Amino acid sequence: MMENEYFFLRNIHKALGLAPDNDRSKEQYPELFAAPDTRKILHRVRNRTAEERNELVELLRTNAQALGIHLHPAESEADAAAIVVEIIRSREPEFSHTKHVILHDHPDVAALQLWKRFTREAVTVHTTFSSDHELREKTIASFIGITAPAIGVAESATVIQLTRPGQPRSTSLVPSIHIALLRRDKLVADLEEAYTLLREEGRLDSMVFISGPSKTADIEAQMVHGAHGPREVHLIILPSSAGPPMAATGD
Amino acid sequence: MAGKTVSLFIQCLVDTMFPQVGEAMVAVFDRLGVPLAYPAGQTCCGQPAWNSGYRREAAAAARHFIEVFEGAEVIVCPSGSCVHMVRHHYPELFEDDPAMAAKARAVAANTFEFTQYLVDVLGVTDTESRFSGSVTYHDSCHLSRGLGIAMQPRTLLGNVRGLKLIEMRDSDTCCGFGGTFSVNYPEISTAMVDEKIENILATGADGVVGCDISCLMNIEGRLTRRGEKVKVLHIAEILAGLRGGDQ
Amino acid sequence: MKTSSPSTYREAAVAGIDSAQLQKSLQGLQNRFGKGAMELWAGMADQEMRDRVKESRMKTFEHLDIVLAELAKNVRARGGQVHFAVTAQDAVNYTLAVAKKNEVKRVVKGKSMTSMEVDIDPALEQEGIEVVETDLGEYIIQLAGDRPSHIIAPCIHLNRNQIGRLFTDKLGIDFTEDPPTLTMAARKALREKLLTADMGLTGCNLACAETGMISLVSNEGNIRMATTMPRVVVALMGMERVVATMAEHRETLQLLTRGAALQKLSTYVSFLGGPASKDDPDGPREFHLVIIDNGRSRILADPEFREVLACIRCGACLNICPVYGKIGGHAYNSPYCGPIGAVVTPLLDGINKHADLCKGETLCGACKDICPVKNDLPRMLSALRHKLAYGSDRWNTRQHNPAEARAFRVWRLLVTRPFLYRTLIGLGRIVQRPFIGKEGTIRKMAGIAAGWTAGRDLPPVARRTFHQLWKEKYAGNRPTAPTIETPEEK
């Protein structure tokens, strides 16, 4: 053990009235890291009826509205694509003059088939393949980033974006507008359910909970959207995936 | 109802500067036929020392208090902060002395604030008092937050004939007294009491009522300095009907 | 007791009280967030959550060695580097070494009180490294060469006009008072800094030992930027900012964002615990977690104060404190202001040095009620005053005011000797005579009461005390009936 760490922990031992060189370990205190019993929650999450899911979407809609999130229910991939195309057409880039859009390497995003929808307009579509060494530049150049988060949380209008190969962190951060595609079956009621699914994920990489557009109230407590992150957030609710209902990221 | 003899615990400020509040309390109890006693050896509960960190001195005062009041059937005081001191801090002062701690706990359990005793113990919600005029009520911190007493005084005031109670904004925000704080940090204390006064004035009430003379002394001291005409009354004075808004 | 020359705390407090802008902002803040939080707690369906979180915080502290070791193990398993810094200087040295090794030219900071506590900016700047605050409020403070005055809203003491002029001066934009326009100007200027910085330097709101990840909350997105775009990320973490499990993390986080800004969640909650994996196309190449003691183990050791470590730094106590609500944050002269600052600053930086923080409150108890983890700050303020009253070896504290101590010793003699006590009251009645004005009150006093009479009248000692009145008017002729006649029974 490094010297610093040794002295540091020794001070804690002293503070707790323990022998300075004691080597107590977490195995002696199983309750400290005891895993909660999540079977009930998992069962609930995995067996929601269509009606219950509708209720969750309604709850999400209410909470999303309060946070300034644009919520778009989509009947199909084509429907979603039309919504996305409309957003791309109607918005102007903030930091450049050309329209670049960057997409996560994710099947739900790929299903929009955006690359073939702008034949007569100057819209450049990039995908975040992990092998791409120019990704940073492309992300900075893009005014819209499109992702498919792993989990949505109705209670707080949150999407949970896990970092994984082909799905970098900056896509939902650096562009001025963030569009998130969420399948209905990835929507859970509250954070407790979301954390339960995250636990099921096993080892987590970096991730972010996103609840609405970037905002600040630092100048005379007046709310302004778009401090550093996206100033506009769109959440498109897609139909449930065909596969087995709800593995957190079961693509 | 079996009547216990109430031993009056007269806060030092009431004793020396506002004796009429003690007299008012006597009048209310007399009207209710409550037997009274006044342990003559009482001085100060020790709160000033406690608040300034002087716990040995506070403990000495507490010890004296406990000696004086130990034999009392029940102890009643017209001050929330003094009762808070006895109830919550006395037992803490003798943590290293189990015998004294036991005595302190016994005295603590037997000590009540005036309105608390009337409403919660005696079940008296109407003292058959009269007052003509409107008042607003100030929730003193140790009374409302420390002892959880907020409805009792309002209930009693609500049953005073001729009295109109107008709630002020932020009635439970501190008036800025804080014991030695008011002397050591007068600018902050004054700024705080000024806000309290703005809230009092905004009600348009003829008077402001409270259960703690220390807060009331602070509020009154500032009101008169500012030349405001609002009357300041301890609740006992209203319940005794000694003073009216139409005097 | 107090000498007549005003202290720094008092001077700064007066400046705050005299600032109309600050008074307006503080009032708005307290009306919205202070009252809002109280309503939120009252309306919470799960009324046990706050107690549960407090309990889990305290349990974590009892096993802090184990929990921190587990955190370090799991961060290292992610490829992150963990440094245990016993002192502030140690944390600064380590961070500086990381910056130098990586040839860092520009550091972007996420709002971090810990970074102010260890005072890292001057050390970096001395090495020629540019340090940029990226939280809008902190950025404004940095441009103005000012100090933050609120944990969550650092530039609450500045108005839009001042900020407009500052931006014209420092960013070269046309003068405007429009908050959205000003925000966009800062967005643009800071985007450049955030995208080109070599190192991100953040605090840590809450680390989770079980997962080996820290989490950072922000509404602006600056912290996400600062932890995503630079090559190197260093997170400074007070050693108490840790929970053992994700389950504890969830509830603690929910209290944090609710207490801070009445939000179910802040806009962003970022979790990270290591460098980007080799398949990740973005994210830092190096991640360092600096776990800082800097006086915290001394707090941990003292059962009177351990509780304060449970604080989750939401700032709710500032939003209800009637003293903070008048004086603002600058008077505390510390990165930690308000009631929490009044307790934690003396404990970290010296009780004597910050005696005014210990004594400058009314102990009204509002902070205890609003605290998401129900920290009994008034109790701890009282305990700090106890240290000042007699001195304390454990806290390297000397008796603060010997004259005051003597006065209380005399006071003790009086209150334990009724005859002396009564005699003195009689004496007071005589001594006060020259001070009583024609209104019957005392308008000007010397000595300890001068502070009182500066702004308030003082009632004189009554002609007869209650003690005397009782003897004269009430003692005889007492009803002795053992029963009480209540109005109903009449």
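Details
Which chain is which? They are A, B and C, in the order written, and residues in each are numbered from 1.
By our rule, a contact is a pair of C-beta atoms (placed from the backbone, for glycine too) under 8 Å apart; a residue touches a chain by one contact, two chains touch by 3 or more.
What you see is a predicted model; the values in this text were computed from it and never measured.
Taken as a contact graph, the chains are arranged in an open line, each linked only to its neighbours along the path.
Taking the CA centroid of chain B as reference, the farthest chain centroid is that of A. Centroids built from CA atoms put chain C at 31 Å from chain B.
Inter-chain centre distance (chain A to chain B, centres taken as mean C-alpha positions): 56 Å. Along chain C, no residue makes contact with two or more other chains. On chain C, the positions that touch chain A within their shared complex are 25, 28-29, 32, 59, 62-70, 72, 82-86, 90, 134-137, 140, 153-156, 159-160, 163, 179-180, 182-184, 186-188, 190-191, 194-195, 209-211, 213, 219-222, 224-225, 228-229, 239, 244-247, 249-250, 254, 263-274, 276-277, 279-283, 291, 293, 297-298, 300-301. Taken together, the chain A residues at the contact with chain C in this complex read 2, 4-5, 7-9, 11-18, 24-26, 29, 32-36, 63, 67, 95, 128-130, 132, 135-136, 139-140, 155-156, 158, 163-166, 168-170, 173-174, 191-192, 195, 198-199, 204-222, 224, 226-230.
Every residue of chain C that touches chain B in the complex is listed here, in rising order: 1-2, 9-10, 13-14, 17, 322-323, 326-327, 359-366, 368-369, 382, 384-390, 404-405, 408-409, 411-412, 414-416, 418, 421, 425, 428, 439, 441, 443, 448-449, 451-452, 454-462, 464-467, 469-471, 473-475, 478-487, 489. Taken together, the chain B residues at the contact with chain C in this complex read 1-3, 8, 10, 14-19, 22-23, 26, 30, 32-38, 40-44, 46, 48-57, 60-61, 63-64, 122-124, 126-128, 141-142, 145-146, 173-174, 176-193, 195, 217-218, 220-222, 224-225.
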